[in-house]
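Written out below as structure tokens is the structure these notes cover.
Lettered A, B, C and D in written order, each chain numbered from 1.
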Amino acid sequence: MLEELKEEVCKANKALVTHGLVVLTWGNVSGIDRDKSLFAIKPSGVPYDELQACDIVLVDLDGKVAEGKLKPSSDEPTHRELYKAFAAIGGITHTHSRCATAFAQAGREIPPLGTTHADHFHGAVPLARVLTEGEVEADYEANTGKVIVERFEAIDPMAVPGVLATGHGPFTWGRDAGDSVKNSVALEEVAHIALLSLQIDPECQELPAYMQDRHFYRKHGPDATYGQ
Amino acid sequence: MLEELKEEVCKANKALVTHGLVVLTWGNVSGIDRDKSLFAIKPSGVPYDELQACDIVLVDLDGKVAEGKLKPSSDEPTHRELYKAFAAIGGITHTHSRCATAFAQAGREIPPLGTTHADHFHGAVPLARVLTEGEVEADYEANTGKVIVERFEAIDPMAVPGVLATGHGPFTWGRDAGDSVKNSVALEEVAHIALLSLQIDPECQELPAYMQDRHFYRKHGPDATYGQ
Amino acid sequence: MLEELKEEVCKANKALVTHGLVVLTWGNVSGIDRDKSLFAIKPSGVPYDELQACDIVLVDLDGKVAEGKLKPSSDEPTHRELYKAFAAIGGITHTHSRCATAFAQAGREIPPLGTTHADHFHGAVPLARVLTEGEVEADYEANTGKVIVERFEAIDPMAVPGVLATGHGPFTWGRDAGDSVKNSVALEEVAHIALLSLQIDPECQELPAYMQDRHFYRKHGPDATYGQ
Amino acid sequence: MLEELKEEVCKANKALVTHGLVVLTWGNVSGIDRDKSLFAIKPSGVPYDELQACDIVLVDLDGKVAEGKLKPSSDEPTHRELYKAFAAIGGITHTHSRCATAFAQAGREIPPLGTTHADHFHGAVPLARVLTEGEVEADYEANTGKVIVERFEAIDPMAVPGVLATGHGPFTWGRDAGDSVKNSVALEEVAHIALLSLQIDPECQELPAYMQDRHFYRKHGPDATYGQ
């Protein structure tokens, strides 16, 4: 079932290694087929170099495994909450990439300090709040998704395609699995440059809003001119 | 037309990846044929590993595409302004390399702290000022070039072959496309070492002028002794 | 003798290079056969790319070489003390990986700042105290192991599979040689992210205990759900 | 002439790239034949990947080229001064490796903060003073060597096989060309870890002298036990 989607999700998971976003098995990518309401996700704990398309697990939006012999990623309920709430997204990536995770651990949003940021994220990369003890005990992974959705109440997820889960790390999304990985690459690079900028000047200012808009809309929306 | 130039520019763009100066499609290199007044530049948004010489776009100094089926880089007007103002340069590189971009975001020039810097840049790597809202709305990419030219009013661009666009990132230039990439490598390395030096000692002093001169003129000008 | 164990230990030593945990010959891995009370360890000063399974030295728990023409790693007595004291461990890795060593040199434990840490270490990564002059003169390498054991008096070594020797660097352990290397990878990554987190916010707080528990027990113990 | 030495020096220069110690052509290695009083050194400005043994230049201790069609490295007079003053050394490496150069630019010695340092350098890695304007004008490269020798008046160069030239970068030496490169690898790693340690704790203390001695003499001198 959905062989093409599974191939694409398998390839996107392996790309995490190529881009230096993961060590060991610390990340997972999924992609959804909106017509069938099924998403394809990495199985739990399987090394990237052993991963094959036939290992990818298909899950429905109630969390039931529709196909696959392996257990899905333990973060599957988080992906599910995001797919349910953000209708426009087609793929999700979760990593523990260093600089983005450092901002998440420090409990700081990533401020829009330059055009590199503005090309990919329209405004700061927000923080989802830390979960309460009850939320962790009840349904931890689903609640991780719910506090992200809560944080995006007034934010368009396609204009800000990523978030930091406080004390945890980044989630990004995109049009499809591969696009969500590209947004993880962008997020880590933006976080790295922000961290260095703040070392040079702890009072480093945000890019003026008119510059942010110019760069964001050059790459996104109906008036985008970037690319072919 | 200009097959050799297109080959050279194609190769120089791919070298950005080899040197670790770009992720995704975040950089572009061009080279100019001064006799024909045409410059060859990377097409917009094309991944480096797919790039072929036949994809390189030829543009004249009025911004008209002279050859090529693809759209030129969105930074093409910036390159054009620099070619028009700096008669001695034959190639231009733009990246978002981490440490140089961090100085650009922090709005700090890169001070000449050591001989590594002085071997390549005669004096601080300057900052071009941030654009006004009007300049961004009117003709953003051309104005990005114009404020660089404005900043070099009293600086010889061949003695300081690079600049930081405030809030954006570095541009470098050189005798040809390949030479401009080498100057981007040098700039990022110099920025990285400066950043680390300032971490060790925030009051780190500039190299004495007589040392800067000794190193710069060992590699540049009529009395250069470096190389074969 | 114990050909399979020697192959495994040889491969685990070479993995230190793949994971970027060592330069030159700055690290060593061992693995134990509990039935035979023999452990297999890297020979001293042999480059990883020349290392063969037949070079691996077998040592008994009194420090006598049971098989092998080469001298064991100079850290052999440290490994031996840990095998004697920690009955549950099957492999040990010692490196001078950068960020973990920086915490060891600074004499700081690695605080549990996020879920990346909690997935692998249940609580702070502790510091073993600096040795006295007498302890260094008497039997330095064995005493390095003894102060680690002293530090773990009230800590389960399988819940915190690593330590920092003050002024020296990290030791990690695991179910077998390969597992101890994975814990070194995790330790260095956790140390790196902690270092960056503290740069962003020097007052960065520990992850709430209920979050630490949730992540640690998701991957460890009878109720673990992670993996297949 | 001295084909074996030229092969060894060629290989040692290429190893600078493998170990990540250089970009572009920013480093050079030499090796000496003490019987013939000739040293073999990299030619100036030649890329490492094009370098062949037959390109290596042979120079005598008066600076006269004894063999070779290419010009020697511009740092040749510095190497020569060190060979003349330090009778025990057989090879020299000069790089602009990042962290060691950052300490040189900041004008700070690298303090012996841990056993990684003590394994390779017996005490702090010293700073050679900045040259006066007169020393730069007269015979810059030879004087760079002379201030290093001046700094080692009371230091055994085989116990501290490296130095930082203030505002410039590191020089290391060893038994032969390859050994001097290993000491450059060690120096950069030690500098990197020191820099991170000082970020974690700006008041980070030196390793007790008895620990430094234990580690240094484990690897050096008549009682060394490390290696085979």
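Descriptive notes on the structure:
Just so we're on the same page, a residue touches a chain if its C-beta (ideal position, glycine included) is under 8 Å from a C-beta of that chain, and two chains touch if they have at least 3 such contacts.
Keep in mind the model is a prediction, meaning the values are calculated, not measured.
The chains in contact with chain A as well as with chain B do not exist; no chain meets both.
Two copies of one chain, chain B and chain D, touch each other, and the residues they use overlap weakly: the shared fraction of interface numbers falls below half. The rotation relating chain A to chain C, fitted on Cα atoms, comes to 90°, given as a multiple of 5. Farthest from chain A in terms of Cα centroid separation is D. One inter-chain figure worth recording: chain C and chain D are separated by 32 Å, centre to centre, where each centre is the mean of the chain's CA atoms.
Here the spacing of chain A and chain D, counted between their Cα centres, is 46 Å. Residue positions 199 of chain C are each in touch with at least two other chains. Inter-chain contacts, as defined above, occur between A-B, A-C, B-D, C-D.
Contact residues on chain B toward chain D in their complex (touch as defined above): 19, 113-116, 182, 185-186, 189, 192-194, 196-197, 199-201, 204-205, 207-208, 210-211, 214, 218, 225-228.
On the side of chain B, the complex with chain A involves touching residues 23-24, 26, 43-46, 70-71, 74, 96, 98-99, 101-108, 130-131, 133, 136-137, 140, 167-169, 195, 198-199.
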